[in-house]
Amino acid sequence: MKRKIVSIVLVLAAVMMMLSLSSCGKEYDGEINVYNFGEYIDEQTYKDFEEEYNIKVNYTTYETCESLYSVLKLGGADYDVLITSDYMIGRMANEGMLMELDWDNIPNYELIDDKYKKLEYDPEELYSVPYMWGTVGLIYNREEIDEEITSWGALFDEKYSGNILMFDSPRDAFGVALSYLGYSLNTTDEAEIEEAYELLVQQKPLVQGYFQDQMYDKLESGEALLGAYYAGDYICMLENNPSLKFVVPDEGSNWYVDAFCIPNSCENKEAAELFINYMCQTDVTLANMESTGYASPNTEACDIYAEDLDESLAEIMFPSEEVLSRCEVFLNLPQNILDLYDSYMVKLKA
Amino acid sequence: MKTKLSVLGRVYTFLIYFFLYLPIFVLIVFSFNSSNSRTIWSGFSLEWYGELFRDSVIMSSVYTTLLVSFISALIATVFGTAAAIGFFNMRGKMRTHLLNVNNIPLMNADIVTGVSLRLLFVAAFFALGRAFGAINGFLGTHLPVSFDLGFGTLLIAHITFNVPYVILSVMPKLHQSDRNLMDAALDLGCTPISAIWKVVLPEIMPGIVNGALIAFTMSIDDFVISYFTAGSKTQTLAMAIYSMTKKRVTPKINAISTILFTTVLVLLIIVNIRSLRQSKNNDAKQKKGILK
Amino acid sequence: MKSRAFAYPYVLWMALFVVAPIIIIVVYAFSASDGSFTLDNFSNMELYLSVFGRSFGLALIATITCLLLGYPLAYALAHEGPRAQGIMLMLIMLPMWMNFLLRTYAWMSLLEKTGLINRFLGLFGIAPLNMINTPFAVVLGMVYNYLPFMVLPIYSVIVKIDKSLLEAAQDLGAKPSTVFTRVIFPLSLSGVLSGITMVFVPAVSTFAISKLLGGNKTMLLGDLIEMQFLGGSYNPHLGSAIALVMMVVVMVCMFVMNRFGSDDEQVVMF
C-alpha cells in the first residue's frame, strides 16, 4: 500500500514538474482577463499581443450576453476586456457597470467607420469600440431541403420537424419570432411579446434544441437542416459543408454590432486599452475577419478583404443597404420587459 | 443450476461492461481520425494530439487541476485525520452533531455547494474590502481592497468537499483500533501527541491512505463546484472541457480523453500487478504453512 | 492537551465554509434584490413546478434503472474469484477517473441522428431513431455516469456477507429465491441505500447532462439554478430559493430512507 502511494505521488510530481516547466517559463509585465463569445477571434492574435507587449492574456469565452451579465452581476470575477453585443453594452452602461474609455490610448479608433460610431447603445462614444458587425439570418441545407427559403416561416413549419435549431439566447430567439410576426424587435408591448412567446411554445416540439456554439457542428454534419444563426458563422460553416445557404428573410431580421468595453472590475485599464487598440489594427482585424467570417467596422480592412472575396460571400458579409433596411438593431429594454423575457425564456425551456 | 446462473451472470456482466466501455472506445477511436468529424472515419492521423499539446489553455488547465487536486487532497487528509481523531474522542451528542454537519457537503448536491460557496466568497470579498479600506484610511496602510475568485477560492472549495471523505474513511478504522493501546502509551509516559503519532496513526494508516485517494479522485472529477468558485482566470481541466463541448467540436476532446484514459489505465495496472504479486506470495506462504 | 482539540481547527473550517454558505443561501432565498425580507421567491416558484417534477421523475427513473442494472452486477462480481474481482472492480472504476463531461460527450456521437448507432442500424435498413435531445437521452446519460456509484457500495456489502449464513439457510431447506429475499437482500440493504443516495442526489441536481444530451429542452433543476446565477436569467435570490427547496426535499427523502436502513455509512473505493 505504501509503495502504491509513493509511486502515485512520484508520477504526479513528475507530471506537474513537466507542466510547470513548459507553461510558466515566462515573467509577464501585466495580465488581462478577456471574456468573449465562443468562436469569435483568431486565437493567434492575442498570443501575438502577449509576445509583443509582454502582457499575459487570460482568454475565456461565454455563450450568451445574458450569461455575461449574470457573471458580472454576481461578482467575484474580474474581467478587464469584454466583447459583447450592442444592446448589452447599452444595458451595462445604463447600470453603471462600464468604465469610460481613454481615447488617447486607443488611437486606432480612427480606423473605424463613422457609420458604427455613436450608435444608440453608446451615443456619446464613451464606453465601446466596435469589433465586428453582421446580420442574423436563416441557415439551411440546400441539398436536403428542396426549396428556396425566404421566410422565417420555415422555422415554424411542421414539415421540418426535428430538423430545426433555435437560439438559446433570449433576445435572438424572441427576435426571430417577433420578426416573423412583423413586430419590432424592440417592442415594449407585452401583448406582442406574449404572442411571440406563444409562437415559440408551439415551435418547441419541432426543434431539436436551443443552442449557441453547438450549431456549427450540427448544421455542418447534417444533424440538423435549418436554424437561425449569425452571418459570419455561416461563412465558417460553409468551409465544411458547401451545401449550406444563408438568407436574411423577407420579414426582416436583426443586425448588430459587437464591441469591446471595459467593466468596472478592470484592474489594469491601460493594458486593457492597449489590447483593444491592438485588436483594431488593420492586420489584426484582417486575421480576425479571416478566422471568424464576420465583417469588421474597419473600412480599410474590409476593402482589402473584399478584394479577393467571392461575390456571393461578400453579399452576406457586407449586406447591401436594401438588406440592412429590413433589419433592426436590438436596443436595451426597460427592466420590466427584460424580466418578462427572462421569465418567458425559462418557461419556454422548462 | 449453479453453472447456468453463472453463465448468465457472465453474459450479463459482459453486457454491462460493453455498455460502460462502448462510448469510451468510440472516443478513443475518433481521436485518431484525420478529419474533424465525430462519426465519419476518414483515415488515421495524430494531428489532434499535436493540436492538443499546442493548446496552452488546455495544458495550463491540466496543471491547475493536478495542482489543486494534489494540494487539496494533502491538506484535506491532514485536516480530516486530525478532525476524525478529535471527533472520536468527543462525547456522544457533540460528536453526532458535528458529524452531521460534516456530512452536509456529502449529502448536498454539488450545485448547491458550489453556488453557496460562490455567494460566501463574494460576500466575504465585499466585507473584507470594506474593512481593509477603513483600516487603510485610518492607519495609512496599503492592505488590498479588492479580491477576486481564483486559485485560492478554488482550493478552499476543494478542501471543503474533500475533508468529509477523509473523515468518513478514517472513522471506521478508529472504531476498529484498540483504545487500550493509546491508554497504555500514555501510562508509559508518552505525550498525547507522540502517542497519537506512534500508536494511533500507524493503526489507522490504511483509512488515511484510502481517504487521501478518494479526495484526490473527487477533486480530479469535480466540475460543478469548480465552475462556480474558480473565477475568471483559473480554469480546471473539467471547465476547459465544458467550454470545449459547447463550442464547435474538435477531436482535441477525444485526444484528451484518450490520454486521460490510458494514463489511469497504466497507473492502475502497475499498482494492481504489484498487489497481485504480493497476494500471490501471501497465498504461497499460506499454502506452505498448511502443508507443514 | 486533550486529543479532541485536534478537531477544533476543522470545526472552525466547517463553521466558515459549510455552515456559513448555507446561512447565506437561506438569507438570499428570503430576500429581494434590495435586501428586504420577502417570500416572493417561494411563491413565484410554482412556475417551475414542472422542472421540479421532471427532475425528480427522471432522477428516480435513473436511480431505479441503476439499481436494477447494478445490483445483479454487484452480486455477480462478489461471486467471482478474488483475482477476477480485483480486475473487474478496477474496470468499473476506470471510467470514473475520466471526467464525467467526457463520458457524457461520448454519448453525443452515439445517439445523434447521424450518429454511430443510427449508422449501424442503417446498415440493416432500419430508419434512424430519434434518440438525442429527448428525456430518454438524459436518463441514459445519468445511468451511464452514475452506475458505478450504485455498484460499488452494494458490492462492498455483499462481499462481506458471511457465507455460512447462506449455507445455514440452504441447509434448513430454503429455496435459492428465499435465500435471496430473506437473507442476502436484507443484509445488503445498507449498500443499496447508500447506492441510491449516491445516484439520486447527483442525478436530481445535474446540470450539463441535459445541456449536452437534452438539447436544452429538458430543463432540470441544476440547469434552472445555474441559469439564475451564471446563465441567461440573473436572479440569485430565486436561484437560492430553488436550491434551498431542492436541498430540503432531498434531505427529507434521504432521512426517511435512512430510517429504514442502518446508519453506519462508509465509503469504500480502494
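A, B and C label the chains in the order they appear, each numbered from 1.
Convention: contacts are C-beta pairs under 8 Å (C-beta built on N, C-alpha and C of every residue); 3 or more make two chains touch, one makes a residue touch a chain.
This is a predicted model, so every value here is computed, not measured.
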Discussion item. Following contacts chain by chain, what is the lowest number of steps it takes to reach chain C starting at chain A?
Written reply: 1
Worksheet, complete the sentence: Most contact pairs found between chains B-C
Item to complete: Take the average of all CA coordinates in chain A, do the same for chain B, and state the distance between these two points in whole angstrom.
Response: 36
Fill in: Cα-centroid distance, chain B relative to chain C, in whole angstrom
17
Worksheet, complete the sentence: Check: chain C positions touching at least 2 other chains come out as 112, 114, 229-230, 236
Item to complete: Identify all positions of chain B at which a residue touches two or more other chains, and write them in rising order.
Response: 38-39, 118, 209, 213, 246, 275
Discussion item. If I count partner chains per residue in chain A, which residues reach a count of at least 2?
Written reply: 74, 221
Worksheet, complete the sentence: Listed in rising order, chain B residues that touch chain A in their complex are 36-39, 56-57, 59-60, 62-63, 66-67, 70, 118, 121-122, 125-126, 146-149, 153, 205-206, 209, 212-213, 231-233, 235, 243, 246-249, 267, 270-271, 274-275
Discussion item. Touching residues of chain C toward chain A in the complex: what are they?
Written reply: 47-48, 50-51, 112-114, 130, 132-133, 214-217, 219, 223-224, 227-236
Discussion item. Considering only the defined contacts, which chain A positions touch chain C in the complex?
Written reply: 64, 66-67, 69-71, 73-74, 162, 168-170, 204, 207-211, 221-223, 342-343, 345-347, 349-350
Item to complete: Give every residue of chain C touching chain B within the complex, in rising order.
Response: 1-11, 13-14, 17-22, 24-25, 28, 69, 72-73, 75-77, 79, 82-83, 86-88, 90-103, 105-110, 112, 114-116, 119, 144, 147, 176, 197, 201-202, 204-205, 207-208, 211-212, 222, 225-226, 229-230, 236, 239-240, 243, 246-247, 250-251, 254, 264-270
Worksheet, complete the sentence: Given the complex, residues on chain B that touch chain C span 1, 6, 9-10, 12-13, 16-17, 19-24, 26-27, 30, 38-39, 79-80, 82-87, 89-90, 98, 101-105, 107-113, 115-120, 123, 156-157, 159-160, 163, 165, 168-169, 172, 192-193, 196, 209-210, 213-214, 217, 220-221, 223-224, 227-228, 237-238, 241-242, 245-246, 253, 256-257, 260-261, 264-265, 268, 272, 275-276, 279
